[in-house]
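Several structures are given next for inspection.
In what comes next, chain A is part of two complexes: it sits with chain B in the first one and with chain C in the second one.
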Partner chain A sequence: MVVFGNLSQFAALAFSLLALVLTLLGVMRNDARLARGGARALLSAAAFTTLASIALAGLFLSDNFQVEYVASYSDRALPIFYKLTAFWAGQKGSLLFWAWTLSFCAVLTVYSNRRDADPRTTSYVYLVLAGTLSFFLFLLCAVTSPFELLSFTPADGQGLNPMLQNPGMVFHPPTLFLGYVGFTVPFAYAVAAMVTGRSDAGWIRKARVWNVLSWIFLTIGIILGGQWAYVELGWGGFWAWDPVENASFIPWLASTAFIHTAIIQERRGIMKVWNMVLILLTFTLCIFGTYLVRSGVLQSVHDFGATGLGGYFLAFTIVTLLGGIYLIAESYHDLKTPHVLESYLSRESTFLFNNVILLALAFATLFGTVFPIISEAFTGNKVTVGPAFFNMVNTPLFLLLLLITGICPLIGWRKASASNLRRNFLRPAIFGLVVLALLLGFGIRHPYALIAFSLCGFVAATIVLEFVAALRSRDKQSGESFWSAGPKLLWRLRRRYGGHLVHFGLVLMVVGITGSTAFKQQAQGTLKRGETLQVGRYELRYDDFNVYNKFNRTIYGAQLSVFNGGEPLGILETQRRVYVNAEQPTTEVALRTTLRDDLYVTMPGIGRNEEITLKAAVNPLLVWGWIGGALMVVGGVVAIIPERKRRIAS
Partner chain B sequence: MNRSIGLKKPLFPLLLLLLLLSLPAPAVALTEVEVSNHLMCYACPEDQLSVCNCGGAQEMKDTIHRMIGEGKTKQEILDYFVARYGEAIISTPPQKGFALTAYIAPYVGLGAGVIVAFLLVMRWARSSGKESESEVSTTDNGEPAIDAAARERVAQELARLEKEE
Partner chain C sequence: MKRSNRKILIGVLIIGLAVGFLIVRGISTTSAYYLTVAELKESPTGLNLGAEETVRVGGDVVADSIAYDQQALRLAFELRDQQNPAATIRVSYAGPKPDAFEPDVEVLAEGIYRRGDNLFAADNLLVKCPSKYSSEEGSK
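After this line comes the complex of A and B, so read on.
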């Protein structure tokens, strides 16, 4: 199996390099046959990458601990499900997974271009894909092979980090990788468009689907990561502004900006240069993020350690960035279009400001993330940049972003008339103010919460009112009932309303984040059996203590009865778990989620006579953040389902 | 763009909000996370306190919890930890000297971006003003009918392509 995996990996690299050479020759000699050969070589590379991945999965399942990677991330007692997911638990396997996903994207790209009449463009697309795939396969073959053997066979492996033995961890890395990897394809289309000079809307339509798809996966990955942190790490938060989290958030912001201006290019044929810049930025930031994570230059909870890969990723980042800048400069004249806006106040101009804010957020996050390095270089002083800094710097930018999320859709394409604007703005603004007044009436004085919730009201109102107005006008024409027409309208204009759904999801997410951070309540206490702890509106009574074994762990569980004003709400169990092969016990959170708030209980300490230390928190409205995240994903999916007949949204 | 009537409406609630911000507000109850977000763990100097789960971190969090209970402010608690473990225990860059750039740079970037975007919009809209004299007509669905300038561009593009072939 090890030999098989190794051979497959090398064969994949060979075919990937062959694809690179063939497509390169193909574009140089303008020979479509060579390009087709390149595509076939790319498919073969994908097949062998798949075989190598199957081999690694097989090694995990068969407990082959002579393989260093398997021995480091698995053991005999590990449940079979986690044996499979240990595949991407470490540096080497995750790189193989990355290469496999990329090869899969390449297959899809080849398939989607099978009837393409423009072999020159597709050759360049394959060239970029083959180049990137070769880079990853080279790292796997030459620098950090997952099939490396130990000089002896240990009796058992070291096991998987208990914190990674969680369902969220199963899907978080692959979805993130799919996001990162997916951006290679729109980048490849952009490169092809620049080199061939075909920078019309053709490439951007193809790139758009890939970009939104990657954006969806990145969004899912980020949200699952937050969910995992929330239920597994036991500190009660979902986002810690850790360098690795930031490394996923920064390209997310850049690609969000691209999604918006790509629409402008599609509709108006302008901002071509800017779109190239954005897609280059998105892709480079993905690779640069990987560099940050895997070079060991920054401290992070996602410790891949100093892996010796940093130099390669940095080199790849620099080559991509310089190559991209060169291409943009070279094709500047082709790309340059006379920019004409009919009015100062148009959807196009507000999108420009939305881009500025998104990129300012990306810049702020990136600058904060690398600031320890910058500071050390300039002053010799390695400062730390923690969550409080990011909250302080980014929150106002977020609120601006939320404001413009509300304003953009109110302003029509091309030219917004004053009376139109007044009509569109008035009611949402009033609604936002009503929300503000109500909050003030309830005695809420937290400044950011007041601004955030009022803006949420404003944005939500713009979305709902727009939809209702569109329904009404449709209603008049078709005579259909209000309720049956709604889903139909959403489906018919799914690009537009998919976008609105994403915005609505964002609003709910802000509600969840604001509610749970601004109005969090925490309590802590050491309890004997029968004693209670009060947190917010809840009362927790410590009833019982149990110790038992399950799978590969020993569980110490405390049973708690939950009351709200004397009324019993049920029983929760919060646990400490000691895993076979793990040094430190882990905390298992007891969670009671309602639409109003989350009750979040951990047990950091167990004393003598089964006396326990409890930490409890009430996180108001948090569940809306997850609902909002799900809605953002759904909206993204709705927006990329192809519309059969291309029509202009009226 | 701020001259237009439409934008005054959302500015109004914003101004109101700014006004409200300046009003004295009763303090919101301080939480442990709000304090620990500013701190590193003394036992694992590489880790943020809020996400660290080691015994030392637990001890620090217990202390924070106790001091909040005693009615201490965030600054008082942070000062206590600085006195005990030194400046390195604070996880945010100091708001002075070189580290100040970390706070300022994003907003300088934002300001520059807004100015550039504003100038671009001005320029583009003005250049359209010139063109509108030649009357850009639109078709039924709102798309512009092809005008003389566009026709000229198409001709140039075609000529260029032919040269390439």
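After this line comes the complex of A and C, so read on.
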């Protein structure tokens, strides 16, 4: 199996390099046959990457601990499900998984271009894909192979980090990788469009679909990461502005910006240069993020350590960035568009401002993340910034972005008239103000919360009112009932309403984040049996303590009765777990989620006489953040399901 | 240049300036020095630490210095420099002992240093997880 895996890996690299050479010759000699050969070599590389991945999965399942990677991340007691997911628990397996998803994307790209009339464009697309794939396969074969053997066979492996034995951690890494990897394809299309000079609408449509798809996966990955941190790490939050989190958030921002301006290019044929810049930025930021995370230059809770891969990723980042800038500069004349924006009161200009703010967020986040490196280089002292910095800088920007999210769909293309604005804005603005008045009436004085909730009201109202108005006008024509027409309209104009769903999800997410951060209540204390701890509207009574074994862990559980003003709400168990093969106990959060708030309890300590230390928090509205996140993903999916006929531009 | 474009440009400039302002203000009010124990004790020249200035300090927990009062949730221990074990500071932290807090682990503390008492009052404590995967077996 080891030999098989190794051979597959090398064969994959060989075919990937072959694809690189063939496509390169193909474009130099303008020979369609060479390009087709390149595509076939790419498919073979994908097949061998798949075989290598199967081999590694097989090694995990068969407990082959002579393989260093398997011995490091698995053991006999590990449930079979986690044996499979241990595949991407460490760096080497992650890289193989990365290469595999990239090769899978390449297969999809080849398939989707099987009837493409323009072999020159596809050759360049395959060229970029083969180049990137070769880079990853080279790292796997030459620098950090998952099939490396130990000089002896340990009796058992060292086990999977208990914190990774959680369903959220199972899907978080692969979705994040899919997001990262997917951005290679729009980048490849962009390069092809620039080199061939065919920077018309055709490529941007393909690039958009791939970009939205990758965006969906990146969004899922980021949200699952947040959820994992929330239920598993036990510090009570879901986002800490850690460098690793930022590394996924920064490309997400750039890609979101592209999704918006791609629409303008499709519709109006302008902003071509800008879109190239955004695609290049998204892709480079993914690679640069990987460099930051894997090089050990930054302090992070995700301790990947200095792994020796940093240099390769940094080099790859620089090559792509310089190459991309060169291409954009070279094709600037082809790309430059004569159109200008007709008016600052137009949908185009709101898209532009949306872009400026998204990139400002990306810049501020990147700046804060690398600030320790910058300060050390210039002053010799390491100066760090923490969550306080990011919250201070990014919160106002986010609120501005939310405002624009509300304005954008209401404003016409090209040039909006004053009456158009008055008609569309009056009711949502009133709704936002009503929300504000209500909150003030309830005695809420937190400035950011007031602004955020009012804006949420405003944006939600614009989305709902627009949909209702569209339904009404359709109603009159078709005579269909209001309720049966709704889903039909959403489906028929799924690209538009998919986008609106994403925006609505964003609103809910802001509600969740604002509620749980601005109005969080916390308490901690050490209790004997029968004693209670009050947190927010809840009372926790410590009833019982149990020790028992389950699967590969010993559980120390404390039973707590939950009351709200004397009324019993049920029992929670908060745990400390000691896993086989792990020296340290881990905290298992007890969580009671309602639409109104989350009750979040951890037990950081157990005393000799079974007195327990509890940390409890009430996080209002938090669940809406998760619901909003799910809605964003659903909206994204709705938006990329192909529409049969292209709608005539209104 | 068309007038509408100029207005848009002005808008973009305003946002740019606002972001610049936010970043500068953010850095000046929230940034903190990241120091080793030895650096904190010496306080290198050019580093004017205010008496109440929050800093981050990293070091290893001295093995037999840990005192934890579970009832009052107070943790006290000594932190030593990773390169120069002779340099130590006392740290006090009000809160539950973190999960992975053990003798000799690397800890990142955030708080205020009182030079007179050689006492670091931490209001945030982060334990760097010792990578158990690079234990003796793996490196044989």
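Following the convention adopted for this analysis, the second predicted complex is superposed on the first by the 647 of 650 C-alpha atoms of A that agree within 3 Å, B and C clash if a C-alpha of one lies under 4 Å from a C-alpha of the other, contacts with A are read in each partner's own complex, and residues count from 1 in each chain.
We take it that contacts are C-beta pairs under 8 Å (C-beta built on N, C-alpha and C of every residue); 3 or more make two chains touch, one makes a residue touch a chain.
What you are looking at is a predicted structure, and each value in this text was computed from that prediction instead of being measured.
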Chain B and chain C placed together on chain A: clash or fit? clash
Output check: A:458 vs chain B and chain C. Expected answer is one of first, second, both, neither. What do you get?
first
Review point. Just chain B (first), just chain C (second), both, or neither: which does A:640 touch?
Key: neither
Which partner does A:254 reach: the first (chain B), the second (chain C), both, or neither?
neither
When the two structures are overlaid on chain A, which partner does A:584 contact: first (chain B), second (chain C), both, or neither? both
Worksheet entry | Which superposed partner A:17 touches (first chain B, second chain C, both, neither) | neither
Between chain B (first) and chain C (second), which does A:344 come into contact with in this model arrangement: first, second, both, or neither? both
Review point. So, A:237: does it touch chain B (first), chain C (second), both, or neither?
Key: first
Winner on chain A touched-residue count between chain B and chain C: chain B
Could you look at A:386 and tell me whether it touches chain B, chain C, both or neither (first, second, both, neither)? both
### Task
Give one of first, second, both or neither to describe whether A:356 is in contact with chain B, with chain C, with both, or with none.
both
Running into chain C, out of the candidates 8-16, 26-34, 80-88 or 134-142 in chain B, is stretch 80-88
Overlap of chain B and chain C contacts on chain A, residues 234, 299, 301, 340-344, 349, 352-353, 356-357, 360, 363-364, 367-368, 371, 375, 381, 383-386, 388-389, 392-393, 397, 524, 584, 586-587, 604-605
Touching chain B in the complex, chain A uses residues 229, 233-237, 240, 242, 299, 301, 338-345, 349, 352-353, 355-357, 359-360, 363-364, 367-368, 371, 375, 378-379, 381, 383-389, 391-393, 397, 403, 406-407, 411, 414, 416, 418, 420-422, 424-426, 429, 432-433, 436, 440, 445-447, 450-451, 454, 458, 518-522, 524, 584, 586-587, 604-605, 648, 650
Within the complex, chain A is touched by chain B residues 1, 4-7, 9-10, 12-14, 16-17, 20-21, 23, 25-26, 28-29, 31-33, 37-40, 46-48, 50-51, 53-54, 58, 62, 65, 88, 90-94, 97-99, 102-103, 105-107, 109-110, 113-114, 116-117, 120-125, 127-128, 131-132, 136, 141-143, 149
In the complex, chain C touches chain A at residues 2, 4-5, 7-8, 11-12, 15-16, 18-19, 22-23, 25-27, 29-35, 44, 47, 56, 70-71, 73, 95-100, 102, 108, 110, 126, 128-129, 131-133, 135, 137-138, 140
In the complex, chain A touches chain C at residues 68, 71-73, 90, 150-152, 154, 158, 161, 234, 299, 301, 303, 305, 340-344, 349, 352-353, 356-357, 360, 363-364, 367-368, 371-372, 375, 381-386, 388-389, 392-393, 396-397, 400, 524-526, 582-587, 604-605, 607, 611, 613, 615
